[in-house]
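Chains here go by letter, A, B and C, matching the order in which they are written, and residues are numbered from 1 within each.
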Amino acid sequence: MSAKFPLTLHQVLVRRQGKTVIGPLNLKLETDGVTIIVGPNGSGKTTLLRVMHGIERINGGTVSWAQDDPSKHAFVFQSPVVLRRSVAENLAYPLRLLKVPDAEVKAAVAQWLARIGLSGKAQTAATRLSGGERQKLAIARALIRKPDVLFLDEPCANLDGHATREIEAILKESATAGTRLVMATHDMGQARRLAQDLVFMLNGRIHESGKAEPIFVAPKTKELAAFLMGDIVV
Amino acid sequence: MKRFLVATVALLFAQGAAAEDMRLAVTTSFDSSGLAEVLLPAIKADLDIDLRLLVVGTGQALKLGEAGDVDAVLVHSKAAEEAFVAAGHGTHRREIMYNDFVVIGPATDVAGIRDGSSAADALARIAAVQAPFVSRGDDSGTHKAELAIWTSAGLAADGFGPWYQSVGAGMGAALNTAAGLDAYIFADRASWLNFGNKGNLALLYSGDPALFNQYAFLPVNPAKNANIRNDLAMKLEDWLTSPRASDLINGYEINGEALFVFNAVAQ
Amino acid sequence: MGGNSWNSVAISIQKRNSDPTERTSEFGRWMIDIYEGLKAALWLVVSLDPELWDISLRSLRVTLTALVVASVIAIPLGTYLAVQRFRYRRFVISLINALMGLPPVVIGLLVYILLSRSGPFGVLNLLFTPTAMIIAQVIIITPVIASIAHQAMRELWAEYHDLLISLNTTKWQRIVTLIRDGRRNLLTAALAGFGRAIGEVGAIMIVGGNIDHVTRVLTTAIALETGKGDFALALGLGFVLIGIAIVVNLAIHTLSRTEREGRW
């Protein structure tokens, strides 16, 4: 697992419709931990995540893993995408793509259903779940393949306190189990709760980054200081 | 449920055994007369031939013969038939039977053709009052015969006004249109007698020798392709010109009226 | 049309029609025609008329076969067009939509020319057989099914796009997933094709020849009886055709249980 890292982004540039969305941008992600990306809306957090995951086309620079195996990343979108199938089949889907044997699939699905508390709704159509349940499903579906890295794009943005707490619990568990988490959020409380490393983005560039604790206590740039105070930063 | 479905599928796709199949293109007038229903079973019994009838207009029938898609053709348009044979598409022309054409019109007979002195006179009277008239307009034997009568009356059909409606359809469809419009129409007696939607129409004029309607059998030239069953066509021709066919054809009646007159000569 | 029971219905109508003085008023006439049609339909079905069986089964056989073949072509095609970007994609999609509007009788003529013994595929001896009719109908309904399938798959793909790409699926896996999850709408597409085919008459008349006991089906029989002026029988056959179409639709919906709530 550690051979996959570090992930190096070198002079990465993304332009859409004539405007620079992010870049030029340099970042290096090491092996362990939980990296939280924060920044105002429109600062490019989503794009950065997608670039790291490999589902966004870049116009300049390089994105390189030490050893890339794309099936070992997973992504959770801000609006949970569920397949028009039952909850259990949603969970099983990534495993079936990898042709995992049936018995293993059943076991993994049962285990994760229990962890996200949806065992009673295994046969329900996933489209009938609430927002929080869907997002839990999406995260479970992402984690069921035991990915090395999990990217999350503001997963709790539209959820209530209950759901947020449950999800953060699941994320903490998987981080402890060794999954590398890279998550964007605009909820500073959540950032404080979860971050080990922090990346602050502004206008498509990384404004400041480093270990979470020191930055929260003493931000180096005034923009980050203002942002941490809750000011609107442009 | 599953067994029901399997049985249904099996039933749908069951194929019958194939006997000796022969394809004959015939005109819609012939089919409308109903004579085929008498002849086909007899042909099957006597010759063990499954005669497959393609009921199309004369023009299309001759075209099918030209393409070699049928084994023989039975139509009623002498000039076109002779051209067909001359061009090498058919081996020869054999006359089988005739019926006659009649002029049908609204029972009120606004053009007064009941008193017509001849077929040409009858049609001329219709043109004179510009009464509604439906024409086959499809280059069929009936259509050609109609045009010939107009010509003999000194009139040109393509110069007529909107009272003359050229529908481009088979006999039955044209009769339907005439019934719907209370119009005059030139038809063959057999189709008229067998027609089921007469409405206000009645048979107004008949009997002029110029309305003679000869049916002929033309075997398609077997040199066209290897699939043409000229052997069956010859068998059928022999049968159609035999006393047996003569009895059936002369004996075919609708409401007590005979429709066709057998006139094949031995060869 | 041969067979006794046809004639018994036809002659009874003839007797009524041949005497003009017996005609009822214009207002009543059309109602009687429809009533006679319904009566004819009922009688034909209840008496298990063998002619009716023959042509109905053939109608179903030709159309259902055409439906299966056309779906096998059209559904993956429509799905592929939804997920794969390529240079002339928009043109192909517009073309397929345009082909939906092709008059079936024109397609029939083209197929006839190709299958004629004097044509390029004459050696196959397919003309005037049910197979020729199936070929013509496949050509007619494939654009219909492909177009509707494409529309449905496009919407579904927009929904699944990010997720399926994120999960590193192959093109083939995407197509299979879309077809599986969109099967309800694909069924609608297929049934639209079925409707188009079961009521089609122009093309199959030309390539089939409407030969009694060989290529005669419900629609061509209706055309024949209409042409003979036997409206009651034609209507009767028409009602039977409508009935069959409804039964098939219901059967397919029931079998696939697409309307059941909450369960897939």
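As a convention for this text, a residue touches a chain if its C-beta (ideal position, glycine included) is under 8 Å from a C-beta of that chain, and two chains touch if they have at least 3 such contacts.
Note that the coordinates shown come from a computational prediction; the quantities given were computed from them, not determined experimentally.
J.: If every step must land on a chain the current one touches, say how few steps get you from subunit A to subunit B.
T.: Tracing touching chains, the least step count from subunit A to subunit B comes to 2.
J.: Looking at CA centres, what chain is most distant from subunit B?
T.: If we average the C-alpha coordinates per chain, A ends up farthest from subunit B.
J.: Give the identifier of the chain nearest to the protein's overall CA centre, each chain being represented by its own CA mean.
T.: C
J.: Going by the contact definition above, tell me which chain pair has the most C-beta pairs touching.
T.: Going pair by pair, the biggest contact count turns up for B-C.
J.: Taking each chain's centre as its mean C-alpha position, how far apart are subunit A and subunit B in Å?
T.: Roughly 80 Å separates the two chain centres.
J.: Distance-wise, how many Å sit between the C-alpha centres of subunit A and subunit C, to the nearest whole number?
T.: Spacing between the chain centres: roughly 50 Å.
J.: Provide the C-alpha centroid distance between subunit B and subunit C, rounded to the nearest whole angstrom.
T.: Each chain's C-alpha centroid was found; their separation is 31 Å.
J.: Indicate the residues of subunit A shared as contacts by at least two other chains.
T.: Within subunit A, no residue contacts more than one other chain.
J.: Which bits of subunit C are touching subunit A when the two form their complex?
T.: 156, 159-160, 162-163, 165-169, 173, 177, 181-182, 262-264
J.: In the complex, go through subunit A and note every residue touching subunit C.
T.: By the definition above, subunit A touches subunit C via 53, 55, 70-71, 74-75, 77, 81, 83-86, 89, 93-94, 97, 123-125, 128.
J.: Under the definition above, what is the set of subunit B residues touching subunit C in their complex?
T.: Touch list, subunit B to subunit C: 11-13, 23, 28, 32, 37, 40-41, 52-56, 66-69, 107, 169-173, 175-176, 179, 194-200, 202, 224-225, 227-228.
J.: Hey, which residues of subunit C end up touching subunit B in the complex?
T.: Within the complex, subunit C contacts subunit B at residues 1-2, 10, 13-14, 17-18, 20, 23, 57, 60-61, 64, 116-119, 122, 125, 127-128, 209-212, 214, 224, 226-231.
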